[in-house]
Amino acid sequence: MAGLTKKDAVLTAYAEKLETLDAPQGRSLSQDAFRRLSANRAAMVSIFVLGFIILAALIGPFFVPWDGGTVDWGSIRKPPDFSKGHYFGTDQNGRDLLARLLQGTQMSLMVAGVATLVSVFIGVIYGAVSGYFGGRVDAMMMRFVDIMYALPYILFVIILVVIFGRSPVLLFVGIGALEWLTMARIVRGQTLSLKEKEFVEAARAGGAKPWTIITRHIVPNLTGPVVIYATLTVPEIIITESFLSYLGLGVQEPLTSLGTLISNGTPVAEVMPWLLVFPAIVLVSMLMCLTYIGDGLRDALDPKDH
Amino acid sequence: MLGYAFRRVLSALPIALIAVTVAFFILRLAPGGPFDGERALPPDVLANLRAHYNLDQPIWMQYFIYVKGVVTGDLGPSMVVEDFTVSQLIAIGLPFTLMLGLTAFVSATAIGMLAGVVAAVNQNKWPDYALVLVVMLGVVIPNFLMGGLLQLVFGVYLKWLPAGGWVNGSLPHLVLPVTVLAWPHAARISRLMRGSMIEVLGTNFIRTAKSKGIGERLMLTRHALKPALIPVVSYLGPGLSYLLTGSLVVENIFGLPGIGKYFVTAALNRDYGLVLGTTIFYVALILVLNLLVDLVYAWLDPRVRFH
Amino acid sequence: MADVLTVDDLNVTFALHEAEVHAVRDLSFTLREGETLAVVGESGSGKSQAFLAIMGLLARNGRGSGRAMFNGVNLLELRPEKLDLYRGKDVAMIFQDPMTSLNPSLKIKKQLAEVLIRHKGADKTSAVRAAVSMLERVGIPEPAKRANAYPHELSGGMRQRVMIAMALLCEPKVLIADEPTTALDVTVQAQMLELFKSLTDDFGTALVMITHDLGVVAGLADRMMVMYGGRAVEKGPVDDLFYDPRHPYTFGLLHSTPHVGARTQRLMPIEGLPPSLEHLPKGCAFNPRCRFRMEQCLVERPPLVGERGGRARACFYEGKLAYEEVEA
């Protein structure tokens, strides 16, 4: 759910600043911001921790003795036991929790990644088209965005889930298809202001095709906001996916995600606390890191003293 | 002010119409929907549906009938819960959800605002830091996790509060659900309020107010509060949406008899009628609430009215 | 004429990046009942900060110290609650930017009436009535209608008049005006100054006019105090200083702006820029830009020394101040 990272405010402010600068100035604004970010200790630590978690999720499964699907009949519902290689314990089906956790994290990250890509893609195209054509087309397209903004997107996600069944691919796409709004607004703003700029006029007068104009002038100014958007969108998507999985509407067995793990762990937490504690720690850590990073980015791009 | 209200109502109508239209088309066209032929629906239900949706009429006629139905409160039959229409099911669950939602909303907003003001006035002293911690927890821990944790701690280990379920009029049964629902909202509001109040306290007009010697209390309540509330109120609209979706989870975790429970169950059972009907209802609710928020906003900032 | 405000050794510091910056140093002056004192300087001279300190309006990282005696009380030592007994009632201030100095969410009449209600115990109706008649007095047409409006419905000039009305409602002994005309049109400026003059005459208010514009000083002030780098560098009656400035900075100011009574038609700007308060030059703060500087000026800071005729100056140079070079 948006609002965790207030990405809308951050991005719009940043994008507005970029609009007034041309590409080289825009780049130096981004560099300044990057320097400020590196000075922010909380953000840097968060980046490090997050990086570690991501890395663990990606290559961890190769190092852990068990895999998430195998049942160890001898160790069902057991707390962490180093001798058997079950570092985080096992679940009700005898599967190793650490392995499942890594898998689940992978899945959550994948959903977040794909959905972000989809939303960036849709957002950029929608925004660029709207901004480029301007006028009535733009007004209509943006009105649509405003409307979508006002509505609770969880409901639509659930509708999509209902329609398209429980295929994870559609889950990614569905979530992404609803997250593109902010990106679209920003890209449109950039396109609109760039359209008016002299160097674009000059390029057009020189006979350059719209495509060239877009790639050479609009896109470079977009990399900053896109990166930030991606960073800030990912936690939202992770929460959304976890939320859906928790309700049973998201990732299905035998695949797992952080949401499913927590959903499994909650009812039995009294007797098997490790089933809840470990996934919860991972989820909360990721979200905390992303929050700090989001805050850091916001401060870096729009420095104000508290 | 009235003119502004009227204009806002007018602009909300297209949204409602779009929602209804989209629902209409999803019902007709979505795979796995009632008219797909893939699903083996009991013949009674099918007959019911056919009659209800006037399938023998041309499509634009069906559309009108549907819209008319929605406007008069008829959202169609449920596709899984036989003999019940969506409206009836909503009516059963609505009072509870409203109560839960409003309680959470009011308490979260009040607590959030108070905390934010206190933090802003005591910037960088301990009340400020304490608030930051509480906010962090509320924002970072997803509501489903928070629910589980609170249930464990207060319901199972400490046994101070019931871990779930609902007994009519029982206050203790409300405490945990409202807390889980309200916490993230209160957290965001207090953060907004704090930031906004700090900004307002640095403005020129507050400096003027101070220079007039009217005292800190009047300065805060009469001069600073209204302008500071503006960003907070802007958030209330989206905030309500999140409360709504939050209530979905909370009702499910704590086993509470609200719309949320029906909604999720319907989604799990692919009951299109109920899912879509409920969505339309939610959308309408949100539009109304957003409208109210806009009116409050216009009251706070007179400049907005003269659009 | 009695002294209404006596300031001694006023210092204002700001905590910036773990260092302390002095915005105002060792400032002393007296304000007499009913007189108009002009405080002149460029930005960074500390002219505004000194009075913000007296009014208890410094930013969070600012501290004022010294004595600002009003009615036997040191305003600088008062806590905000106690200071509120004086602010708005005996000492009032109006600010530079009328566009942002009024509360956009409150009607004009409310903002005006509250000072009377608070300080004079008036009830709402009579407070509003008094407010409307004050609005009329400051030259606002259709005062009753304006009183019922919100600030954004008024122009800049009118808003500034509202500020003046608001400040004068309780008939304060001291009115501090911080560059009140800078943000306004030139034509409006002239009217505003006329207004100040007639109001201070009628109400007998002592006026401190903070400005960087000598044109404002000429027709309006009785005495003036010139500030540079946080200190007073010259003080005295306006006419005396205008015709016979004895500090190179004052001299430079007079010759760099056109004003009535200037002896020469040629304008000579003062070279260089005002100093940064964090890195003041050694010795006299003005020395990098001073045409008359001597060896001593680079090493020692000249103290403010009183002279005949109620004047004072802080300068080692005893010679005549004149520009010999005439050309280009």
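Labels A, B and C are assigned to the chains in the order they are written; within every chain, residues are numbered from 1.
Following the convention adopted for this analysis, contacts are C-beta pairs under 8 Å (C-beta built on N, C-alpha and C of every residue); 3 or more make two chains touch, one makes a residue touch a chain.
Because the structure is predicted, anything quoted here is derived from the model rather than measured.
Set against the Cα centre of chain B, the chain with the most distant centre is C. Across the two interfaces under comparison, B-C and A-B, the one joined by more C-beta contacts turns out to be A-B. Centroids of chain A and chain C (each the mean of its C-alpha atoms) stand 54 Å apart. Work out the mean CA point of chain B and of chain C, and you get 53 Å between them.
Centre-to-centre separation of chain A and chain B, using mean CA positions: 23 Å. In chain B, the residues touching two or more other chains are 123. Residue ranges of chain B in contact with chain A, taken from their complex: 14-15, 18-19, 26, 30-33, 123-124, 136, 139-145, 148-149, 151-152, 156, 188, 198, 235, 237-239, 241-242, 244-245, 248-249, 252-253, 263-264, 267-268, 270, 272, 275-276, 279, 282-283, 286-287, 290. If you check the complex, the residues on chain A that touch chain B are 1-4, 147, 150-152, 154-156, 158-159, 161-165, 239, 242-243, 246-249, 259, 262-263, 265-266, 269-270, 276, 280, 283-284, 287-288, 291, 306.
Residues of chain B touching chain C in their complex: 123, 203-205, 207-216, 218, 222-223, 226-227, 300-303.
For chain C in complex with chain B, the touching residues are 55-57, 60, 80-81, 83-89, 92-93, 95, 97, 100-106, 114-115, 118-119, 150, 152, 163, 166.
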